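In the two complexes that follow, chain A is the common piece, with chain B as its partner first and chain C second.
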Partner chain A sequence: MTIEEANIREEVLLICGCDVTRCMKCGKCSASCPAYDEFDIKPHQFASYIARGDMYELMQSKTIWNCLGCFACVERCPRDVRPGKLIDGVRQAAVRRRGGTHLQPEDIPSRIDPDTPQQLLMSVLRRERK
Partner chain B sequence: MQRIGVFVCHCGSNIAATVDVAAVAEAAKSQPGVVFATDYTYMCSENGQNLIADSIKEYGLTAVVVCSCSPRMHEATFRKVADKAGLNPYMVEIANIREQCSWVHKDTEIGTPKAISLMKTAVAKVNLNTPLQEGESKVTKRALIIGGGIAGIQTALDIADAGYKVDIVEKTPSIGGRMSQLDKTFPTLDCSSCILTPKMTEVAQHENITLYTYSEVESVSGYVGDFTVEIRRKARYVHEDICTGCGLCMTKCPSKKAKNEFNRGLNTRTAIYTPFAQAIPNVPVIDTEACIHFRTGKCGICAKNCAVQAIDYEQKDEIITEKYGAIVVATGFDLIDLKPFGEYAYNLSPDVVSSLELERILNAAGPTSGHLQRMSDHRQPKEMVFIQCVGSRCEDDRRGKPYCSKICCMYTAKQAMLIKDHYPDVNIHVFYIDVRTPGKAFDEFYRRAVEDYGVDYIKGQVGKVTPQADGTLLVHGVDMLDQKVVEINADMVVLAAAVEPNPDIRKLATMLTLSIDNNNFLNEAHPKLRPVEAATAGVFMSGVVQGPRDIPETVAQAGAAAIKVVGLLAKDKLKTNPCVAQSDELYCNGCSVCQNVCPYGAISYTEKEVRDHGVRDTRRIAQVNPALCKGCGACSVACPSGAMNLKGFSNRQIMAEVDTVLCQ
Partner chain C sequence: MDLTYSYFPGCTLKTKAKDLDIYTRETAAALGVTLVEIDNWQCCGGVYPLGSDEVGNKLASVRALNDAKEHGRDLVTVCSGCFHVLKCVNDDMKNVPDIRDRANRYSQFDEPYQGETKVLHYLELLRDAVGFDTIRKKAEHPLTGHRIGAYYGCLLLRPSGILEFDDPEDPSVIEDFLEAVGATPVKYQMRNECCGGYRSLEEPEFTNRLVGKIFADAKTSGCEELVTACPLCFYNLQKYNGPDKLPVRYISEVLAQALGIEAGKGVR
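Coming up: the complex of A and B.
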C-alpha cells in the first residue's frame, strides 16, 4: 500500500463511515446483488481490498460504475459493514480525482436514456445527495 | 490506638516493576499507629504468610494492612492468617496496589506515589476497624431446580442420588424440554427420546424427587441455605392423583384445532392434551382458550367419558410455599423469531421451516409420522437447501444475535445425513459461512456428510429466497470460492435459526438477583474458575441458560452444578458475613428511606422505647435482619440522618479514607 493509497483509504472510510474489520466474509452482500455478474471485483471482496489498501485496483474496477446502488447489501449485511456504502465511497474518491466531471442538475434531463430504469435515477439522487 | 503492621507485596515483578515497594514500606513507618512495615516477594506464599503471622505475635499487632492484589483475590487468605495468629480476621485491610495501581501504570514515577496513597488510606481505615464476629445460619437440605429439560433432569438426578431432596419446577405440562423434541442426536445418531425417556421415568420414580409440572416460580425470598420459594401450580383441570393416563378424554375431545406447541405449530392438537406420548407426568391439561366448555359452558365430553372422574373444571391455580437450601436455574432456550428475516420467506411459504420444525418432521412421532414432506402439498422434496447462521453472528440487534449458536453446524450435518439415508435421491445443498466442528468426532461427522453422503456444501450466505408460482422456492446465492452465482429451485428450505435464552429468565433473574449479559444469558461468578455458580450465593446454573451448548456439555455441567449443590447441602451450618448494616436507634428518625432502597427486604421498622439524654421516648426505628442483609451499603448512603452504618465499612471509616486521599 502506497502513501497515496493509504490517503485514499482514509478518505473512503470517512465518506462511507463503515468499519471493514467487522466483515466475516459471509457473502450475503454478493448473494443479494442484482448486478453481481457485471462486477469484476465482487461486493464481498471490497472489505478485504480496503483492509489491505488496494485502492488503485478498486478505483479502476468496473464495479464502482456498474453498482446500481439498490442497497440490498446494505440492508441485509449481518455485520453492519454495508458494502454498498464502501463501493459508493470508492466511486466518490475516483470522481474527486478526475476533476471537472460534476454533473449539474439541469444537465440531467437531456442525458436520460428513455430505457434507464427509474430505480437507477432514484438511487443516483439518493447517493449523490451528500 | 491500634498497633498496625504494613506488609507490602512484590507479586514477583507484577507490582515491583512499576512500584518501588521498599519506598512504600518506608513511607508506612511514619503513618499513625504503624509499628512495623516490611516488603516481601510473594506475601501469599507460605513464607509470606508466616512473616505476617510471626510479626503479629512479635510486635503485638492489633491490625494488619497488606498492600497486594485485589481483595477478591487474597483477602480470605490473609484473614485466615490473622485468625490463626490470634487476631480477629476483620482487623485485616487490603490496599490493592496491583489491579488498581501497578497494572494500570507504566512507570514508577506514577506507580509509587499512588501505591503510597493507597497504603495510607488503608492504614487510616484500619485504625477505625473493630473486631467482627461471623454468625451462623442453618441449611435447609432441599434443592430447587427451575426447568425440567435435560439440564434440570440430570442435575436433579445427581443431587437426588446423593441423598438429598429435590423439587423440579417445570412450566410446561411435561418434563423433557427441547431434547424431547429432537429426532436423533449428533454425532452418534442415538435416538433422542430413547436416551431421554429412561431418565424422565427415573425422575418420576425417584423417592427424593418431587415434580411440579405446569408450574412456575412466583417469588423467591431468603438467602443461601434458607430460600423461601412460592410456586404457582397452574390449574390443569385434571386431578394428577386420580388420573390414570388412559387418554380417552383426548380421543373424545371435539375441539381439535389448537396449535400443537410441541410440534412447533406444524399440526393441531385437542383442547385437553398431553404434549407428547411419553409425557411425564402422563396427565393431560385443559387449554382453556381452546376448550369448548370454558368458552361456551357447554360440551363437557371429557368429564363425561372419564372413568375415574379426574376432570374438574372448577380447579384453581394453587400457590405452594417451600423452603430450599440451594436453587439451580436450568430454563434452557428457544429459537429466535424468524419473521423479521423477510429475505428468507419464512412468512411467505410453509415450505421454509426452522431446523427445529424439520426435527419434528423427521421424527416418527411428529406431524408427518416421520415422512419427509413439504408442509404445503405433502409432496416429498427433491431439492433441499439448508441456510446456516440465520440470526447467529448478526450485529443487527433488531433481529439477530451477535454470538455463534454453536450447535447448528453439527445438527445440520446430522439432518442432512438422516435425510440422505432415508431418501438417497434428495439433493441437499448447505449454504455456510464457516463450518465449525470442534468436539470429539465432530469434524469426522461433518466430513462423512460431504464424503459419504454427497451433501453439497456451498460457501456463502443466501441473499434471497423467492417462492415461485409452481410452488418451488428460488434460492439465490453466491459461491464465494468459485465467484459464481448459484440459483437453486428448492422444494424445501431449512433455516438454522439462532438460539436464545428462554425469555422467562429476565423475570427469574430479578427474583434471584442474578446478573445477565446483553443477550440474556446468565453470568457466572467467574467465567473460568466458577462456571456453574451465580454471583448470588446458593444459586447455580445448568444448560443453555448460561450460553449455547450441546447435550453432552449440558449433562456434564448439570453434574458440576449438582456437586456444588451437594457440597452446600452437606453442611449443617453456614458462616454468615458479619459486614452487615446496623441502625443507630438514637439517630434514626423513622423516615423509611432505607427500607425503600433495600433490595433484599432486610430492613423493617418497629416501635421501640429509647432513652435519649435521660428522656424516655417511644420512637419508630429501623431494624436490620442480619441474615437477609448482603452488606451492599445502599441504606447507609440513603439514610439522611446518618443512623445506618455498614459494619466494617462505617461512615467514619469511609470518611477517614477520603480525608487521607484529599489531605496529601
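Coming up: the complex of A and C.
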C-alpha cells in the first residue's frame, strides 16, 4: 500500500463510516446483489481490498459504476459492515479525484427519451459527478 | 382528527410523473386529507448522499423538513425516491451530531432543526391516518377480480432500520392497500428486488434483464398488472419490451379508480 493509497483509504472510511475489520466473509452481500454479474470485484471482496489498502484497484473497478445502490447488501449484512456503503465511498473518492463525471454531460442527450424521468438524471448526476 | 399535512411532490411529479401527483392530490381530497405543498421546495437529489463528510447536498431535504416543522405538520411524499432521501437525511439530523451541526450552521433557521419532523409516505398516511377500512367503505368502484402485484423495489424498504416502512424481506402494506380497493393482491418473490434504477441511462440492456426477471416472476405467480410508487421503477418497467410484460400503474391511480375519480375532473 502506497502513502497515497493509505490516504485514500482513510478518506473512504470517513465517507462511509464502516468498520471493515468486522467482515466475517460470509458472502451474503454477494449472494444478494442483483448486479453481481456486472462486477469485477465482488461485494464480499471489498472489505478485504480496503483492509489491505488496494485502493487503486478498487477505484479502477467496474464495480463502483455498476453498483445500483439498492441497499440489499446493506440490509442483509449480519455484521453491519454494509458493503454498499464501502462501494459508494470508493466511488466518491474516485469522482472527487477525477473532478468530473463518469458519464460525461455531453453523453447524456443521446440517451434520454421523452419519458426519461428527472429522478433518473438527478440520480446519475448526483452519483457520478462531484 | 386534523388531516392536514405538508406535501413534498418532488421534481419528477411535476413533469414526467404528473399522474402520480394529480391522483395523489385528488384521492387525498376525496378522503378528507389536506395536502399543503411546501413553498419553494427543492429537488431532494434523487439518491441519498451517503458521504458522511458532505452536507451541501443534504440541505434541500433539511429545508423541506424544517418547513414542515415550522408549520407543525408531518411531511408527506408519494415518490419512493423522495421518501427515501427525506427520511435518511432526517435520521442524520436526529442522530449524527456533525451533520446536524454543520447543516444548522449553514441554514440559520430561527431555531436549530434536530430531526423533529415525521416523514410519511402516502401509503402510511392512507393506512394509519385515513385507515384502509375507510378506503374499503369509500371504494364505490372496487377493482373486483383484478389480480394485481405490488412492486416495492428498493427505495421504500431499505435500509429498514431507518425507513421503518415495512418488513424489508416480506412487505405487505401495498397488498393490504390493494385489498382495500377491492383488488386481489398477488404476492411474488421479486417484488422487493431492484429494477436497475439509474443504470438504465447508461446500460438499458442491463436494467432490461433485471426487469425481465421481475415480470417473469410476477406473471408466473399470477399477476395481471403491477403497481408501484416510484417514477424511476415505473419508467424502467415501462421501457421493458420483452415477453411477460405486464401493464404498470401508480398506486394513486388505482386508488383514484376505486374512488371514482378521473384525473383533473374530481369524483365522477
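Simple rule for what comes next: the second predicted complex is superposed on the first by the 99 of 130 C-alpha atoms of A that agree within 3 Å, B and C clash if a C-alpha of one lies under 4 Å from a C-alpha of the other, contacts with A are read in each partner's own complex, and residues count from 1 in each chain.
FYI, contacts are C-beta pairs under 8 Å (C-beta built on N, C-alpha and C of every residue); 3 or more make two chains touch, one makes a residue touch a chain.
Every value quoted in this text rests on a predicted model; they were computed, and no experiment measured them.
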item	value
Touching partner for A:108 - first (chain B), second (chain C), both, neither	second
Partner chain in contact with A:72 - chain B first, chain C second, else both or neither	both
Which superposed partner A:36 touches (first chain B, second chain C, both, neither)	first
Touching partner for A:44 - first (chain B), second (chain C), both, neither	first
Chain C versus chain B, contacts on chain A by residue	C
First, second, both or neither for A:28, with chain B first and chain C second	first
On chain A, the residue positions that both chain B and chain C contact, one per complex	72
Footprint of chain A on chain B - complex, ascending	343, 389, 393-396, 400, 433, 459-464, 476-478, 480, 483, 485
Sites on chain A touched by chain C in the complex	14-17, 34-35, 38, 65-66, 68-72, 74-75, 85, 88-89, 92, 103, 108, 111-112, 115-124, 126-127
Partner chain A, residues of chain C touching it in the complex	10-12, 15-17, 43, 45-47, 49-53, 57, 79, 81, 154, 157-160, 168, 193-194, 196-203, 206, 210, 230-232, 234-235, 238-239
Residue numbers on chain A that touch chain B, as the complex places them	22, 24-28, 30-33, 36-37, 42, 44, 72, 76, 78-80
